[in-house]
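In this document, chain identifiers A, B, C and D correspond to the written order of the chains, with residue numbering beginning at 1 in each.
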């Protein structure tokens, strides 16, 4: 049996896949209008896929019912033409399975899985967690490594083993060292779609180096088509233009991760400032304070985004 | 109004408070017999309090019903003579409040609260989270800072503000820098019981420096009375003996955090090896493998613990 | 006045510039034969420049007289067709100036300067150090930032100011974050030749992203022409081949920085194993032990380099 | 043969040993008057020994002749009643030996040795470096580990081996983890005087835990007798007073390491502000700027030191 949905190139879930925000109203309720608008806008601008209920989507703050609304809205806008991948990170396999089956109930294209949150397990334990969740859920899966949030790293030897599973189709590598991105390509690039994390600093360089794409959050949702086109420039060999966009992304990144508040509250605020549907965050995150908003506004103005 | 339960010295929850393991049977079910035995044994050996549903207790793997059994068993053994504090860490205030009210339902003495797990909020967001949970739950509260697990630190300026709340009675400082322990004593020692984390390396030195005690997990549950007496040596001025125990703890720490598997699975295995009721871990953690157990056995033998 | 030696593209010191080893005989004396052979071999294989007396060259272990021999040998082989840049890192401006004037005495093309070694100064102090050395020496200068060795980072605002000096022509950025490489290009790429450090993991990606080249040490001196051609593939748009070489470099990097001993002793040993003139290290470094050499041999064999 | 100068307790170089600043005049020349005054003042206040040419002494900025003046002045004030230990850190054994023999020429009591500066050698290489320097110099030696400056750690297994040498009499442990201080005491406390680094945060706690003393720089040179007495309080069992002083040191530490400029320029400025003989720093360090001095003044005023 081959990997599900595998294309001629042997890869699915490639290109610029965006981890979307979940817009809330000021009263804390889900802003379903802004939610749909955001998916539609990104779609119109050429995005290659959605990840919902990632960190950017404040997954921790959503009820089951809200998760379903978010996934269904994304699927509706995607119309089967671009994938909708649902983040199912949790502290135990049991909970990740439960979330994965919710995603399956509404026919999501697949799930995204980090190692168990917070628990800091060893490599063998991480591998077992993945095997348990993947076999119980039965959907195509994107592995996701982001050591700075988990205090453990999903090691490449484990990725290498999991890559042999038919359901494991992609790997988002957000390890801070670029070496790990290349090492992932080298070891598992034959079987997985390797997607770079931190695209705001290394999206294009990773594609140049052989990645199949990248996971983005900041730049497409603030800069729109300009940022989304970066991947197209990269794969059509227009490195000059890809470079220009990437450097603009770096500037944007400084604005979002500087004094602008906690991510993704800062991203949402920036979206609002440029007239895109960011909405408000939910506790424990708060709308950035007045100083943060002012410095964000200055930075976005300097970037000609407002 | 003064702090609840405040003693003549103005502090409650002092001394050597142990974060207890939650023993499971090999089939994964809660081992209620071992659970009670462990509480009783520690009590008989002179422990000053229990924290249940901490990281050591694998809180992430317990159902609500099991949480209640654990808390009630601890309360039953404690007989109102030593405090039972219930860990209520979660990713949102909403969930922490829910867990706190569960603890209140069974008359726990108080709760222990870290900043929101995984989310990495800013200081103002962390403060708001604490205020929301503490006022909604209404139980005496131990703040808990452990940056290596949260990738954010509960800053001392926030602790200073929270210390003014009547319900905030203690602070467990597991920041890796000893400076932060001292700084906590300096800034909030007048209003809070300051308890050092990482007691296996700095329990006695922290008490010498003015801490009101420490949170332990490894040494009392493996070494028993010898370790538990360290606090008594410290406060009665028998520094010589306190030192001797502390150095033995350091050796034990190497055994537990070396090649012995993931914490607290390694701790449970060590407890079993010395004949104490550790039980098995639950996924995502696994019983340490044969090599790990062998190296653990060697280390414990060298320490004359088996 | 414009920058010295500025080409039509406004940049000098571009492409693949190699930090060369300094081969010693087993008795510790300078191996002048191997030294010349190494320069010649790299030259024949198409290298774009030499940095001598870098960390790779064990600058700390050389006498003044030996420094001059190394520089003159490099200059002799370079024949004025490729640049010879002399590392002048030291703990004070006074000593760096002394070393820079030694380099000037033998007509080196320029100097390479890190922030003051070991001292961990602040940004204003680093800037003053650079200004003092550059003006006193009067040679074209490559700034060099490698925070993991200095425990301080040469910040981009300081680079931005120094880039206005006519004598500052290049910047080697070895900050571990790829973001800093891009930020350097963005801020100072108009005035400086931006060269990526850690080329073994990010040489080609950096060039794709707009860097003017990179500083290498491991891959050209072990793999030779194959590695050196990577830059040519990159600038002629043959990204497929550039990628292939880069991934091979990653594998090599694992071999050199794994269990193979201290860098650059490990690099020298690898050179010897593949039949290139690496020579022996000088104390405090030691020839890798038998186990290290065996594991290095296995790795190089797997890479078809022996 | 036993250790040189070994007392009844088997230890020399115990208590509160201060790493002294080297005061310069505004024109950069050595301020020999302030130098002597500082030694004398500390002596009168009860200090237990001097380390000269440490990081605090800006060893990197001194000529050989100035090193001798500093050492001889210290020896003159010490009058053979307290030890004068000379820092001989360098990048190679050859240079450390040269500096050690300079110290021997003027009859210094011993030398202090870090692992080779900057080079980042492996453990076996570090051990060999120590053996080479110690046997060539032939003076009592204090090992010194400060990983944050060297990017390598002098491992305890190497310390354990070196402790068997008669000339190795003391070990300054500035590893950031308190665990390493305790581990040092456990492993080598029988043969070495174990002295804690970072005394400003853990001087008294380390002594309580069994250290033979500590190396200080900030607190005795700014606070004088109050700080110096902390050790006496500790060993006479007056923990209450030792604690009070330690907490005051923590506050002072914040002032010196906050916005007050680069260490030890910040320390020198603080000394001047409280009327002690700090003098000026030499490049690459600079006198703290006006803002830094103002914030330092505020902090010292709050501490009732001015």
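Please note the rule applied: a residue touches a chain if its C-beta (ideal position, glycine included) is under 8 Å from a C-beta of that chain, and two chains touch if they have at least 3 such contacts.
Since the structure is predicted, the reported quantities are computational estimates derived from the model, not experimental observations.
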Under the document's definition of touching, what chains do chain A and chain D have as common neighbours? B, C
Which chain has its C-alpha centre farthest away from the C-alpha centre of chain C? B
Using the average of all C-alpha atoms in each chain as its centre, how far is it in Å between chain C and chain D? 35
Rounded Å distance, chain B centre to chain C centre (Cα mean): 50
List, in ascending order, every residue of chain A touching at least 2 other chains. none
Identify every two-chain combination in which the chains touch. A-B, A-C, B-D, C-D
The residues of chain D that touch chain C in their complex are 60-61, 91-94, 116-122, 124-126, 128-129, 132, 148-149, 151, 261-263, 282-286, 289
Going by the contact rule set out above, which residues of chain D touch chain B in the complex? 176-179, 182-183, 185-186, 198, 201-202, 204-206, 208-210, 237, 239, 243, 246-247, 250-251, 253-254
